[in-house]
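Please find the structures below.
Across the two complexes that follow, chain A remains constant while its partner is chain B and subsequently chain C.
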Partner chain A sequence: MAALPLREDDVGWYLYGVVANGADAPSAAPVDPRSEVVLLVEGPVGGIASRVSLEEFDEAVLPERLADAEWLEQKIRAHEQVLEEALARGAVVPCRFCTVYRDEEELRRFLAGRADALAAALARVEGRVELGVKAFAARAGRGGEAAQAQSGRAYLEARRREQQEREELARSRADVAARLHERLLAEAHDGVLLDLQSRDVSGRDAEMVFNGAYLVADRGRFDEALTAAERDVDGVELELTGPWPPYNFVPEELGRT
Partner chain B sequence: MSSRDLDPYRPQHPAQLADVLERVLDKGIVIAGDIKIDLLDIELLTVRIRLLIASADKAKEMGIDWWQGDPFLRAGQNGDSQLEERLRKLEEKAGLPTEER
Partner chain C sequence: MSPDRQALQHEVTLIELVDRVLNKGVVLSGDIMLSVAGVDLVYVGLRVLLASVATLEEQKQRAVEGAA
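Right, the complex of A and B next:
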């Protein structure tokens, strides 16, 4: 598959995101390595795009492809790399994974038709980056007490105690999350709370108690707020990710008509 | 967690797959392009990708060693997992013969 060139009758356009007219096309490798990343300019905006084989990206075959974990990770990493490259050069409005057009005309029609909304979305993220902040707390109460109980009554009492401890823990963690969010939001242009990742997903032994994303202009001040928050909020370890293309701070519905 | 004095527009490490998935699959502008797909539940996808892609060694290298931290899968000091220990306790309590290993 990899060796054959793209067939002209089998080509779609993959759109990574949108930048301002005048920006350079990112140099990162595209989702289809036989292609190259280009900028399709329409008025004030340019679409970061590359050609893809519809054998891989057509609706009919995509579900199967998505079930192929290795394929999926490769393509998702490529999508992200192209956007990170764009972000390093200036403002970018990222598209969701697998935004594909059947031909260039359709893609250009979208860019031209929504140029104003896209330019506004770009202006909003200009000079800002998305930063991810996660907080982890050591897992408390392994719940071994009930399992070791010697009698039925002791077992039930231990179970009740464990239940109460769990509820208390959940309350205190919700409180921690609210405090963190408030403090970080104060040094950011905007912020959202994301779903907590389970331990399977986070890849950590500690429990994730907070997962936020922030649109940040002043990186120094945000870092200071982060350091202060880690110092003041007991028992949590913070993890910073990014800078990300501002996935969480673009109008999701912009493309829908 | 120090990130000062670095290019604020460049990530310092390759991102964790879960964090990339969380954004790329679920966020960003959604365009009514010609080709529409249903993306599966991210959590499921993430776990599946990890299991399929990461052989244990590669996973460790990438910092994905969650199963080693799982008390139910990890062997304890005496070589037994917590699950096995609990099973033995239950068997003893119930007066059932406990399997010797």
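Right, the complex of A and C next:
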């Protein structure tokens, strides 16, 4: 299938993100390898876009595609590669995965209609990148005392003790997260707390106690704050990811203006 | 970095990526579009990927244990 060229009656336009007018189109491979990434300029902004086959990206078939892990990973990585190249050159407002327009005219109409909001979103992230910071703590090893209790009373006491320990642990972890967030936020333009990932998802033995994203202009100062925070907050290991296109720092929704 | 550690790093980064690309970024509404991955689709996709990552981890674990 991949060898066949795109059919004119079967194409939509996939929008990766928006950059300032005057930026170059990324040369990274598009989500549909038969196409190429171009910049569609409308006023102050340009949409990074490429043509896609509707056999793959139409609403009707998309749920099926999304259930295919191999397809999904491939397309997600292509989406990210295009945006990372744009990010390396300047400010970019990333779009959510699978933003597809019926034709070029509709895409251009969208860009022209939201040009002001998009330009404002670009100005906000100009010269800044998103960094992800996660903190991991060793798992609490205790517990199970109650299950081994020899009498009803011992059982109840052990249960109560375990409950108290759990509450204390939760409090101390919430405290760690609040302290980390405060310190990192001081060296960032903005920051958000994200959902913690379970151990199944994080793929680590240690437990995630903190997950944040920061919009950062000065990498050096942020890295210093990170090193200092890791030193001062006991028992946590920090992990830094990025730089990312600012997924967490663009308006979640841009309706018609 | 050992190959195992590298593979793990790769998967971890994939999770980060999925989390961002599927859940964040501007959602454009109001125009007629063919497909904006709505919340439901996003979670379908995420579950699939997580399942595949978990499977990979299991396979790696078995490979490590098998080699030991």
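Methods note: the second predicted complex is superposed on the first by the 241 of 257 C-alpha atoms of A that agree within 3 Å, B and C clash if a C-alpha of one lies under 4 Å from a C-alpha of the other, contacts with A are read in each partner's own complex, and residues count from 1 in each chain.
FYI, a contact is a pair of C-beta atoms (placed from the backbone, for glycine too) under 8 Å apart; a residue touches a chain by one contact, two chains touch by 3 or more.
Computed from a predicted structure; not experimentally measured.
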Query raised in the report: Once chain A from each complex is brought into register, does chain C clash with chain B or fit beside it?
Result: clash
Query raised in the report: Who does A:Ile76 touch here: chain B (first), chain C (second), both, or neither?
Result: both
Query raised in the report: Of the two partner chains, chain B (first) and chain C (second), which one does A:Leu62 touch, if any: first, second, both, or neither?
Result: both
Report task. Mind working out whether A:Thr241 is in touch with chain B, chain C, both or neither, as first, second, both or neither? Result -> both
Report task. Classify the contacts of A:Pro30 with the two partner chains as first (chain B alone), second (chain C alone), both, or neither. Result -> neither
Query raised in the report: Now for A:Cys95: first (chain B), second (chain C), both, or neither, which partner does it touch?
Result: both
Requested in this report: In the overlay, answer first, second, both or neither for which of chain B and chain C A:Gly191 touches.
Outcome: neither
Query raised in the report: Is chain A touched at more residues by chain B or by chain C?
Result: B
Query raised in the report: Touching A:Gly132 in the superposition: chain B (first), chain C (second), both, neither?
Result: both
Query raised in the report: Where does A:Arg109 make contact in the superposed view: on chain B (first), on chain C (second), on both, or on neither?
Result: second
Query raised in the report: What residues on chain A does chain C touch that chain B touches too?
Result: 12, 15, 17-18, 57-59, 62-63, 66, 69, 72-73, 76-77, 79-80, 93-102, 106, 110, 121, 132, 194, 197, 200-204, 241, 244-245, 247-248, 250-256
**Report entry** Interface residues, chain B side, partner chain A - complex
**Finding:** 1, 3-4, 7-11, 15-40, 43, 45-53, 63-66, 69-71, 86, 89
Report task. Write out the stretch or stretches of chain A touching chain C in their complex. Result -> 12, 15, 17-18, 54, 57-59, 62-63, 66-69, 72-73, 76-77, 79-80, 93-102, 106, 109-110, 114, 121, 132, 194, 197, 200-204, 241, 244-245, 247-248, 250-256
Report task. Flag every residue of chain C that touches chain A in the complex, lowest number first. Result -> 8, 11-37, 41-42, 44-45, 48-54, 57
Query - chain A - residues contacting chain B, complex - result: 12, 15, 17-18, 57-59, 62-63, 66, 69-70, 72-73, 76-77, 79-80, 84, 87-88, 93-102, 106, 110, 121, 129, 132, 142, 147-148, 194-195, 197-205, 219-220, 223, 226-227, 230, 238-245, 247-248, 250-257
